[in-house]
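Next up: the structures, one after another.
In what follows, subunit A forms one complex with subunit B and a second complex with subunit C.
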Partner chain A sequence: MPTKRAAVADVHAPSVALPLQFILTGIAALLAASVWLVVRPIILAGYHYSPEVLAATHLFVLGWICSVIMGAMYQLVPVALETRLHSQRLARWHFALHVTGFIGMVVMFHREDMKQVGHFGSLVAIGVGLFVHNLARTLARIPRWNVVAAGIASSLCWLSLSILAGLYLAAAKCWSFSQFAPLAQLHAHAHLGGLGFFVMMIVSVSFKLVPMFTLGEVQSVRRAGWSLALLNAGLAGAFVTVLLSSPWKIIFALVVAAGLAFYGLEIISILRARKRSRLDWGVKYFLTALVLLAPVLVLGVVLAWPGLPANELTLQLETTYGFLALAGVVTFAILGMLYKVVPFLVWYASYSKAIGQSKIPALADLYSHPLQAAGYWLFLGGLLTASAASALGHDSCVRAGCVALLASFVVFAVNIGMVLSHLVRPRIEPLIAHSALQTNTRPLP
Partner chain B sequence: MNEAIVNVDARGLEPPQPLVAILEVLSCLPEGSELHARTDRRPLHLFPLLEQRGFVGETEEQHDGSFVTTIRRA
Partner chain C sequence: MIDEASIREALHQVVDPEIDCNIVDLGLVYGIAISDAKVTVTMTLTTPGCPMHESIAWGVRCAVLNLEGVEDVEVNVVWDPPWTTDLMTSYGRERTGVL
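Up next is the complex of A and B:
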């Protein structure tokens, strides 16, 4: 007996152009940031509180990570939560504000003009306001509230707080009114964005995407819920204690660790119960990113330890911690998901109307699997080399690692270019023999 | 089994294979028949394509967590 009927008329995803313009902007920013690191390895080999590091970090974080996550969210949230995007028009305004804002911020950070950083940051903030409003209105109409929706809502709250904290930081630099230590404010702002928006979003959507791509199911909704609750509680406490430079931050680092441990257990359970034994490269990229959460977590707990001496090594480890989290966990997870999302978007836009009527390529024919494998190993080699060299403050080895990372990103861009070529020139051929009815039907049990 | 009903079991397939399986069968669906497609997830991307081809579909969730979409000519 059926249990529920679908209200399918109100379900659809936005046009392919909307997510793709965010994603392509993100890839351009990723390549630019990687070239910057190759040319100026001191960004990773030196201390992280400098105008150049802040400029490069915001190119990476706003230009690459935020652009891609926001573009993907406009596509995934309506589909994953079975509803309709509130407004594509608002999303297009968001794109214009976001691109203008982040490029201006990067330039002004580099020029050490904090007043203009605040102005361009305000454009980014208005864009984020439109993004959050758009997704909040979309979430408000979902038929069933679940752990994925709760996680996405949490990440949107943390994103908003992160942007407000960033504007506060810029204003405090201009008018010197803040009573908090500048470095503590910076670290608190970074954790709101990195852990609150990026990691929370990755955790939330993976409860939908990992089962979808491995043909499995969430094994324990309660465990998934606990992982989100602990992450939220840990981050709230970590934000306050980092801001106040309190020794109690270790407690909240451990709460975050507990949340991620619950998450890891749930992902392992999903993978053990999956129906698809072979994992493709996109899923391998994503799962490797999740494995990289472990060293980031260990570094985070070590750096939160009460009474940790502030020497050359521990200060460099702060840089390594941020690099491994953003370039390792978040970037690898995004690359993996883009290898799933972009081919599907392009395939659907180019070929869905011809299914059953013409000969069309399979989804996996849109990109090169050897290039995916090459990109994976270049990325891992580059990341580990650059991370170790960053901890040791070794310029040349940072450059060597970043060259490998850049090569990996170029390989990724080439592969995505191959996928996008199907949008420009679809490979549709006449159907020669048609025996679909005989080959694809199976009786329902 | 009713002769006017064609069944497709597209469970255990990764997207977009369920879409392909359903639409390929639909392209040679006999006049007067309806298609019952069982999938692991609600086939959200299917509905605009059904509309373009002159079909309508309605999805019902089953007790086992799968979904059955009934498709007929509009």
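Up next is the complex of A and C:
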């Protein structure tokens, strides 16, 4: 470390501990939910409106997906939008409320105690309130609004509505005041969270992250803007029509499809114009998730078709639709981004002060690439097996698929463990002269 | 005596950890100005909002401060002109697989 005048330009520096808390909680919930599915494959092979399915789904959605997305957003939003997080203290309170709330909700769903679900759900809701407030205040001071910021703001609105809809559902179960069909309410709530928060967030941040990791740029801001506008309009209409069990929901399903088609075209354009030919596994995970949007979309349109009979197959397809969306699209995308976010957090904590003074690993040196590849194929195999088996209501094949998924998540956890080991034992070596480096270094594989 | 060549050589040790290539071969260094014992490095990053912004700027400062005769370093990160891959050296392109 030089003794002469030097200071880190600490403009948007992230707090490493905060996002890591959320992310590690999320990974623990992912492993727990996967084990649950292996032990009880009926969750996917049977009808989805049951206490056990609701409990497992909330473990997956709140414990895994929300924890990781929220943790990553505390890290990424200030950095990507070139500003500073409004309050880390509020974020720490959010973490405590979130963890207490979602664990309590899962247990109470399983016990069919809707009153307590409402109580613990209120803790989650207060936490989400702090999260939304914190990020809204952060967004309020960004230097310039763009399509990424607009998408993030939209997703925060949908998240808030989703949480309110969830509380309404719990209250309606306790006091039976709602005029809406229970299953319709559940589906409307699920779409607010799944499409409004998760997919909207993935779409928004990908306009920043895909160009960043492939050395490309957004090709048409107008097209990106249209994709967000159509997604928002489609979801608003879908929410109302799903809630009312209206046949008009097909119209809004098609509007959502149009939005995602614009999005897909933009991502393809970005990739075609990219400067970096090699795509690393993290980006491959993420892009595979985007490809999986297509079958989810087709299923969504089919299930929204007017007059579709409610038979055993269509009811199972509803389960498959939700599973493919949450475990396929959202989880695959998150795993890909975690291969970027976690190494960055660890590298920042362990090596950022040694840059330029010592030989330090690059982000890609912190984890195993063969394990990444193994995890990818295990995940894809497990996902397709479990999805097909779920549609057919085949218990044993669901279990087989979920075993592969669990294996994939264990591989992921091991790889993340390798990354985290750099927090304990940083690998810092003396510098090698640049001329020697050029002579001895081959291009990266 | 400080000279630009030795500063560039020192900056080769500052590696963008995401891309795994040093900032000189990436073409991120736009200019170096030397005034007595003070060095001003004008540079950019591959993308605005790059998460490595502070780390790389810090690395530049440290790498140059380590040179004999340098007492002060100023790092200006600018976005105009924007970085393009045309600024990369052939070594940088080969190492990062840029088309």
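As a convention for this text, the second predicted complex is superposed on the first by the 419 of 445 C-alpha atoms of A that agree within 3 Å, B and C clash if a C-alpha of one lies under 4 Å from a C-alpha of the other, contacts with A are read in each partner's own complex, and residues count from 1 in each chain.
Simple rule for what comes next: a contact is a pair of C-beta atoms (placed from the backbone, for glycine too) under 8 Å apart; a residue touches a chain by one contact, two chains touch by 3 or more.
Treat the numbers as computed from the prediction; the structure is a model and nothing was measured.
With both complexes placed on chain A, subunit A has more residues touched by C than by the other of subunit B and subunit C. By the touch criterion stated above, A:40 is placed in contact with neither subunit B nor subunit C. When the two complexes are overlaid on their common chain A, residue A:82 makes contact with subunit B and with subunit C alike. When the two complexes are overlaid on their common chain A, residue A:344 makes contact with subunit B and with subunit C alike. After overlaying the two complexes on the shared chain, residue contacts for A:278 are found with subunit C alone; subunit B is out of touch. By the touch criterion defined above, A:191 reaches neither subunit B nor subunit C.
Using the contact criterion defined above for the overlaid structures, shared-chain residue A:422 touches neither subunit B nor subunit C, since it reaches no partner. Shared-chain residue A:215: touches subunit B and subunit C both.
Once the two complexes are overlaid on the shared chain, A:399 sits clear of subunit B and of subunit C alike. Shared contact residues of subunit A with subunit B and subunit C: 1-2, 4-6, 8-9, 11-13, 79, 82, 212-213, 215, 275-276, 344, 347-348, 352-353, 355-357, 363, 434, 437, 441, 443-444.
Touching subunit B in their complex are the following residues of subunit A: 1-6, 8-9, 11-13, 79, 82, 212-213, 215, 217, 275-276, 344, 347-348, 352-353, 355-357, 363, 434, 436-437, 440-445.
Across the complex, subunit A is touched by residues 1, 6-9, 12-16, 19-21, 23-29, 36, 38, 40-42, 44-45, 47-49, 52, 57-63, 65, 67-68 of subunit B.
Of all residues in subunit C, only 9-15, 17-20, 22, 46-51, 53-63, 65-66, 70-73, 75, 85, 91, 94-99 touch subunit A in the complex they form. Across the interface of their complex, subunit C is touched by residues 1-2, 4-14, 76, 79-82, 208, 211-213, 215, 274-278, 344, 347-348, 351-353, 355-357, 360-365, 431, 434, 437-438, 441, 443-444 of subunit A.
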